[in-house]
Amino acid sequence: MVDQTVSEALAKPAAAAGPGRDFWRGIAVPAALVVIWSAASHLGLVDSRLLVPPERVALVPFLDADGRELWLGITASVLRMLAGFTIGILAGGALGLLMGVSRFAERGIAPSFTAVRQITLFAWIPLLTAWFGNGEAAKIVFIALSAGFPMALNTHQGLRDIPIAFVEVARVLRLSRRRLLTQVLVPSALPAIAIGIEIALINAWIGTVGAEYAMGLGRGVGAFLAEGREQFRMDIVIVGVLTLALVGFVLNTLLRAGVARLMPASGNSRR
Amino acid sequence: MIRIRQTLLAAAVAIGSVGVAAAAELPPVIHFAGVGSGFGLPFGQNTFAVAQVKGVMEAEFAGTDVRLDWGYFTGTGPAINEALANGQADFAQYGSIPNIIGYANGLPTRILLSYGGTNIFAVARKDLPIQSIKDLRGRKIAVQKATIIHWALLKALQANGLTERDVTIVDLKNPDTFAALAAGSIDAAFGASYILPLRDQGIVKVIYSTKDGGAQATGFGAIVVTDSFQKRYPEATQRVVDGLVKAGRFIGEDENREEVLRIWAKSGVPYEIIAEDFAGKPLRAQTNPLIDDFYLAQFRDAIEFEKQQKLIRRDVDLTAWLEPRYLADALKRLDLENFWPHRSADGLRQSAAN
Amino acid sequence: MSERSLIVPRRRLDRRRLRLGAAPRWISRLPALLWPLALPAIVLLGWQVATTRGWLAPQILPAPAAVVATLIDLARDGDITSNLAISLWRIVSGFAIGAGAGIVFGVALGVSPRLERFLGPSFRAVAQVPSLGWLPFLILIFGIGETLNYVIIAKACFVPVVLNTAGGIRNIPRQYLEVADAFRLTRTTRIFRLILPAALPQVFSGIRLALSHAWIALLVVEMLADTEGVGYMMTWGRTLFQIDVVLAGMVLIGIIGFVMDAGLRRAEKRLRRWVPADG
Amino acid sequence: MLAETSLDIRTVSKTYQVNDQALDVLRNIDFTVEPGEFVSIVGASGCGKSTLLRLIIGLDTEYHGDILLDGRRIDGPGADRSIVFQEHRLFPWLTVEQNVALGLDASDAPVAIRGQSVAEHIDLVRLAGFEKAYPHQLSGGMAQRAAIARALVNRPKILLLDEPLGALDSLTRAYLQDELLRIWRQQSVTVLMVTHDVEEAVYLSDKIVVMEPRPGRIAGIVPIDLDHQRERAAAGFIAHKERVLHLLNH
């Protein structure tokens, strides 16, 4: 209905008023906080060992010898995360697909999967370090687990919740198994799978930092953060935490843009 | 024993690492693991660090294809036990308490030599009226449990007529200890020299140090090898021990003191702190590698401590665990049998070679 | 009057409509209840064989029986019960604080465009920092102790509840809001008869997410900066190189996670009885 | 009596800004609904008929011209007007009874009277016995009748119907058309209905406002001078239908 869409456009006058104002409003509170932070640390209202002045934090990654480790750390973390993430979504996707298309597999695997999924990821760390050591292998396995679980879950659910109409059409058309899979099942589960990938990416990043933080060997943002704490360098800790948030945010934004480009057609996002 | 990497990591790691080496005398790669810290790639202290930096070990294996791999774990004891268990470490240098825990849980290691003692400090919040260990009665003390520092804490209490029940011991890792002291949620803490920067930041004062408390209260550890490695590669094991003894000699020679301290400072602990840690004592005494009566007595004490604390579930046969022949051989060949003092069980008397 | 009698019995759709692979015949004859147990049975068997045959060192993988024995030991010594009680109390109180505050803030954010404009973006940015990142700051502010646990768990619950509550409110169909306007519903009626019930499904998925985040945060804080609780018990098991304790902890954590999730599902079903069973 | 109220739409225009372009939705709409009348607006999609209803109910108050209710300009929703939407828009989490009671939410009637009024109106739309049912348990026609009860329970002077039967099947629809007539007479309420079904409009109305799109404007007003017992096949009925269709398609 034309007049409905028009009235909807009208219902959001903020969008028309220009994004500039919203942006400034959004940034007002953080800006005020930074000013308070700066004032508090300079005027000695708080212990400056604990709350380092903001400008010092901003300069640490450039001027400080230890702080410059950050750049290598980010590179190492991102590469490590990509490796684990790739393994995780491939394995998780395959498992989800298996459970989604085969009742036989679903009945056999899904209960165990659900049970194992209830074990919080961090609880895996002591086991993984015992099995794979504190090196790269354990970290990548941990990241892959972090990414794999949501991926498998969403793929499975996406396939399970396919509207009955689609499957009936496929049945009437007597599609071959391969066509059914590639042209009906997977495409219609795609929105759910995309959400799975999104969650997998966020989890993989948290998993990366967590693994680096808890398994002490090698470079990475998590190791950087842990070492900053080890040496009681609050400036480095703050930089580490900000980096962790920022990288997560950037990854998420990139992925969303990527997903949006990949599937412009399916508008019905679940969840 | 079938090595873990062949089973668990078969596809990933096996290629080129073990497998074919049975006939050869030397392994393709030797993994060293130690406790370390520092930004980026962590770095270690004690004998390993000097052996690595001075190229002593490379010299031992010059002309062979053996690759040397040094890894320093910020996760300390447990991480090193895990590395030894799953084949990511062949030689390890770490504190006795996790060392014993590993062995008591069936980790097949052999003790090759000592890497010397670790000074341990007690610090207390500046705003509290705590001047000595005796004042800790009723206080909350942080220590990382199941470490040699935990052992030293109980030793210190004991020496001052206190028991565990007179204080509250909180199990905290180093960074949490710093934060907890700064936030005032604990009163005191025990640690190695890494804890001293806190004093320089004005948060705590030092109330005790094993430098004053006598040799028996000082922390200690061992350099171990996995049993399978030394059985399979006795030749390589001997070369490693030779290298470690040579590194020990370098550390012990007074003219190298400054250089050695600089090497250790790469681990992220500031040079000034390390210099202070070892001030007033010759490094030769401090880093004595010998398995002598004193060392054995210390180890027995630590085993007893672990049983009391229920850190281990079964007893440890120290004699079966030791493998001193590589060290003896190296000392003899290098003519270093009298370089380090041989200590009596109580650590008080020293004698020349027996 | 034909349509008068039409109370439509919602046909429950068989969600297994079309299957790619048909199971081998002997499998399909297996009692349906046994089949889901096959995989765990195979894993357990492989595990047992691997340990008895000595393929894996017991320090790496203790026998299943050893894990069970450890579980029993820990239960008998009271280690499990005391640690569990501590952990559960932390979860419950942290969750109550965080989710409660989250609903209030989420409703505020959802109904007030001004609040959304000023605080929304910052909140969403801050929400990106996982509990692990908060830990160093929170330790500095609150020190090590119970307060830290409550704060970090409450924070972990707060974020998803706020996001989902605000999102749920923002996603309320405009048609319903127009009804509220056209019939000039009072403020109370709007909140309790429209906004809360309409946002409920999403609020509830926020709450479920919150509980799992709380559980994660609890383990993170217990494993990294605590001296009691199930997470600490596992770290301690790692320190003592006793993988059986670690595995026992994992089993315990899995069971609790399962029970909590199932409980919430049931609660949600009760709260949403106006929704047909198929959702 | 209730049906004293007249609705004057005087030269009403409405413009939306869409992508910085002015889009005329309504232009110079001008007609009157007399007290007690049943008036229909017919027109193709996009002629702005739903927008006009939104203006009258008061969901949207930005327009040019005047919409006068007994001579007073409308500036928001009020107790004197009520609406039934095309989709029933019952709240799925409330029972029929609770949904109908929403219509009384803004009134200051005492609780006892409210309950009675709700019951009466559920009776009126013949849903007695379904008070405790949830919307998902009702058929489309029943749900729409519940929506009518909700709209009438506060005894509005004017009832606005936005294609109220548009989503129903033809049998239910015919049945509900008679029901609407019955309710209209019983309640003696003024009704303004938007529909795109010409036959429905001729069947129910006293007067039909025919609109044409882009911009939405009045193509003509057709008074239906048939008695209230209308036969769809009668010649007079067909003639009126033809006139409306002609205006729509000219």
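Quick notes on this one:
Labels A, B, C and D are assigned to the chains in the order they are written; within every chain, residues are numbered from 1.
Here is the rule we go by: contacts are C-beta pairs under 8 Å (C-beta built on N, C-alpha and C of every residue); 3 or more make two chains touch, one makes a residue touch a chain.
This is a predicted model, so every value here is computed, not measured.
Identification of common neighbours of subunit A and subunit B yields C. Interface comparison, A-C versus B-C: the pair with the greater number of contacting C-beta pairs is A-C. With every chain reduced to the mean of its CA atoms, the largest distance from subunit B is reached by D. Here the spacing of subunit A and subunit C, counted between their Cα centres, is 17 Å. Look at where the CA atoms of subunit B average out and do the same for subunit D: the two points lie 87 Å apart. Here the spacing of subunit B and subunit C, counted between their Cα centres, is 42 Å. Averaging C-alpha coordinates per chain places the centre of subunit C 48 Å away from that of subunit D.
In subunit C, the residues that reach two or more other chains under the touch definition are 59-60, 136, 140, 224, 238.
Counting only residues that touch two or more partner chains, subunit D has none.
Looking at subunit B, residues 8, 78, 82, 85-86, 175, 179, 182 sit in touch with two or more other chains.
The touching residues of subunit B, counted against subunit C in their complex, run 1-2, 4, 7-8, 77-78, 81-82, 85-86, 98, 101-102, 105-107, 142, 145-146, 170-173, 175-176, 179-180, 182-186, 311-313. Chain contact summary for the complex, subunit B toward subunit A: residues 8-9, 12-13, 37-42, 71-76, 78-79, 82-83, 85-88, 174-175, 178-179, 182, 194, 197-198, 201, 203, 268.
Those residues of subunit C that touch subunit D in the shared complex are 1-4, 6-8, 10, 175-176, 178-179, 181-186, 189, 193-194, 197-198, 200, 272, 274-276. Only residues 47, 49-50, 66, 69, 72-73, 129-135, 137, 214-219, 223-224, 226-227, 229-232 of subunit A touch subunit B when the two sit together in their complex.
Residues of subunit C touching subunit A in their complex: 13, 15-23, 27, 32, 35-36, 38-40, 43, 59-61, 113, 117-122, 125-126, 128-130, 132-134, 136-137, 140, 174, 205, 212, 215-216, 219-220, 223-224, 231, 234-235, 237-238, 243, 246-247, 249-250, 253-258, 261.
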